[in-house]
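As written, the chains take the letters A, B, C and D, and residue 1 is the first residue of each chain.
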């Protein structure tokens, strides 16, 4: 524990860093510099996202203490020599830095506050980072409980990119002077680690980003579809939009029309990428936030309902850019 | 006429150029190269957009033959030594390259096909460029009539930017081998001149772009508002969005939240820029196109209605980014 | 002709009648009273709606002069002894009261103003009733042309109900003192004949009604679906809504949930009734009207887009209440 | 207590009654019949709705034990001879039938489960009726806690009408064989008492009804506005809609256009009635239900956002039919 705190003290000597792409070179430098003192890191939740994230930590030299409700998913790690714990409480007993990556608010509550939850055994001074995308008010509740135990909680949901290649963006909420410590670990798994403010603000930032993403993706799909039906060439139209004020990430980096760009889900039958179900879930969180803060979100609400409908029309496992296909397809019954 | 055609022949020696930003240097080069043979250019419609466009042509050395239904707006040009015509027909008699910049489909029809319209006196081989934003089907109709007279019609609506600084984008539809001739003139008024396809495709491209622009602007306003109400700092949130998948022209170049960026309408009480009424008009054209091509545009329709409501709530003359103010403001009655 | 005008004079002796259900008894009385002087009535457009409407006129004792672009559909009438004309102009030569029932604005223009259109041979004093659902501005244009020929034009689109049983509502626009004459014929085909104001107002009233109908139908489908998913019994929920402020025609007369009511399309696999394509068309007209009058129609626009999407998802021939199925269905791909 | 249960046993001799308007005569009969054995009824929450409801119970001969967080609002009742308690727990000690009427889920939780809440002193066999409009999942939670204490909980939110005149509709969820007991009291305050199913189903039914109400109200406002701008007479248009398939409670009973009907808020500058803020709140509950049951509610969501925007534009205290004014008004800044 002392070692770990010492380590974190060293890490906090890093310059405060927010909102800029960290040069890959310096990241490597930091990681090799701290290699000597690397203590085990807890990791709970080894699903589609958690699995490659955990592997990236291992690549950067961190020994892991792993846990997942489905013991099978831990096998692979056990065989590779990592330590598997019997419960979240067990992880908390063995590691003083823990990352959680869970599918819903309910799961986060269970893992932290449940009968065998982290809080049953958490050590004073531990750093608990929840990378799940959940309701910001739940993050705030968890932070309070964690604080009572003398530990530190940060929310650090992930946005965009591919977990495998470490090309993720973390949006981090929590006490500012612990940010460097969180960033040490998160920087091993993502190319961008952004400090967003107090606890819960990581969630809020991600929710706002993904709502805008959903809106501009559907907007791009509608605009491309309208243009194509009006006789325009899809590639030329994409080029024009991208040189003009309609330009957005969905049009220039992740175009939803098959054949316009290579290497994106739309050119691979909408396989891979970010599933429609996940987008519907995030838009549900945006809706909740908007209702509780009494913020009008007209397009955000309609976007939510569109992804909701797609989920019940067979698009749930396709990438969210498949909204182009959804709007366009003409079935004949 | 022969001279003019000869000139256009020379111009067409320019390399075909579409979809890339033309270096300012080379533009100047082209313009000075052709200075010697510059014949007068007709210009009809000297409103908010037409006025600075005409001045940019003059700056590039083109003598103009001007016309506007309101004679007063021509005064300024007359005093500066330009020639003022008595009707569109009169312009067509004196110039074989004419640019029209008019507020609606009805105005374009009147100026071309009316009792004293261009078509009454148009010379064979003339190049008629309509920069008005109108219904693509009207552009196609006008093109047919112009073609019957042995002349060439192109639609070249303008998008974004400021007319005064010549920072406009022209989206051009028409016969491809006349594009270079159009580009010679349009390149004096805009930094981007994009070839979009057959007649009417300039309009279609602009309509698609502006629909996507409206959607992403409203989306940005909703996301920023939701974030701010959730406790995030506006500048930090903008930074995060711009590094993430929510990034779009409305978030990174024209942010609608006062104080986030300098030099944009949101930081100047939404003065200047692109008025809400004009956006509502363009979205009406998008709606018409969508209805006639049977294309579903859910977000495009809602965006249309939002700008429609803003027009009746006192926002008609404000920049279209004032949707942020519209969504946010809390009046107390 | 004189006879016909005399007849119409007699008809106008009927009490002015608007907005109340005409007792079936008195309708029969009127019809038998005028039986003696019944002159032939022209009928153009014998499609799904026109066919049963024409038959109801025959039942009430009117000889018909028929025309349709597809000669086959006239056969049935010819065999029954009715007269078939060779063109709309031919109909106009032989009848001084003509009813048209056509699928679109373009068709109405063609039938009235085309090369062999009604206007080529229309007699002075003729009464021309267009029951097509078209753009009100087209109705007004046609009325002007008809008036120049000394004849009378009325728009009388049809709403709801079944054409076969004569259970239709006509919404009539035109000169008020000709309403009784129109009502004589329309009353044979529909149980409600409503005077709406000047020419075009029949179309406007129908467009408003059908937009509200679409909105409340989708609203009913959403509310029933939400209730059912929340555990409520569909029949009980319908009963509650119908006793409360959510009550509407779509909930109490045409409930979209299978099994809640008998004798409606939802209980017959959404066969029959009013097709999704037709509703999408009417909502397109509402959208056009709203855009040209600058009226915000948020829900109307979204309803339009929902029916537009349904058309491309295999619902085009189903009754418009199938929006319940569209919202509910969970396919597994 | 025995007396009370005995009374409730007698009441349950009433015929099971759901979904039909109870004749006023028979209501009076029942009430006078049970007058002799009337034991005190607890009443917690004496706001805009609770106040007249409590008075109607008094009119029917029930002595009350009252409580409100704001002691002032109890004064009036105290002066009239009713008993005022010091806390919800105190009410529960003195009465075995309690009605609660509170503004939010949080308030209901506090009144039931708080430090001085009902559950601290509730007697076995007590009947607790919560007429607040809250999240159905909260109702279910409260029911579980109440059941543990050996008492009965029912949710009975109120819809439409005026509390003063007793013209309310109660939508009741809970154990069916206790419905008659609830109905005895609720029938004194409302003309309709509807059994909806298990606990929480009263809330669900109300939420569905009010969502459909909001949708059809906005739809009516849009249709009336579109018709008026198209030149139709408002009264005539309302008449036509009400005879046609657009007919709904909002068009025929509560028309939002000033001057069309007497005695409704639209003819009294939108004073009184059901406030925009309350409608926004109910639509927030509908949104929550839809998100948690994964039900698509496109129009419900847009309706929610419209009322959300109205709340920040000075309409919060106006009747919800003021959406007509909101859509129509043209301010000049």
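Miscellaneous remarks
Note that a contact is a pair of C-beta atoms (placed from the backbone, for glycine too) under 8 Å apart; a residue touches a chain by one contact, two chains touch by 3 or more.
No experiment lies behind these values; they were computed from the predicted model shown.
Shared contact partners of chain A and chain C, listed by label: B, D.
Over half of the residue numbers found at the chain A and chain D interface occur in both copies, marking it as a same-residue contact. Centroid distances built from C-alpha atoms place D farthest away from chain B. Taking the mean of the C-alpha atoms as each chain's centre, chain A and chain D sit 42 Å apart. Each chain gets a centre from the mean of its Cα atoms; for chain A and chain B, those two points are 40 Å apart.
We define each chain's centre as the mean of its Cα atoms; on that basis chain B and chain D are separated by 54 Å.
Touching two or more other chains at once are residues 290, 294-298, 302, 309, 312, 327 of chain A. Against chain A, the residues of chain B that register as touching in their complex are 19, 21, 136, 159-160, 169, 171, 192, 194, 196-198, 200-201, 204-205, 207-213, 215-216, 218-220, 222-227, 229-233, 236-237, 239-241, 243-251, 253-254, 286, 289-290, 293-300, 302-303, 306, 327. Interface residues of chain A facing chain C in the complex, by the touch rule stated above, are 302, 309, 312-315, 327-333. Listed in rising order, the residues of chain D touching chain A in the complex are 280, 284, 287-288, 291, 294-298, 301-302, 304-305, 308-309, 311-312.
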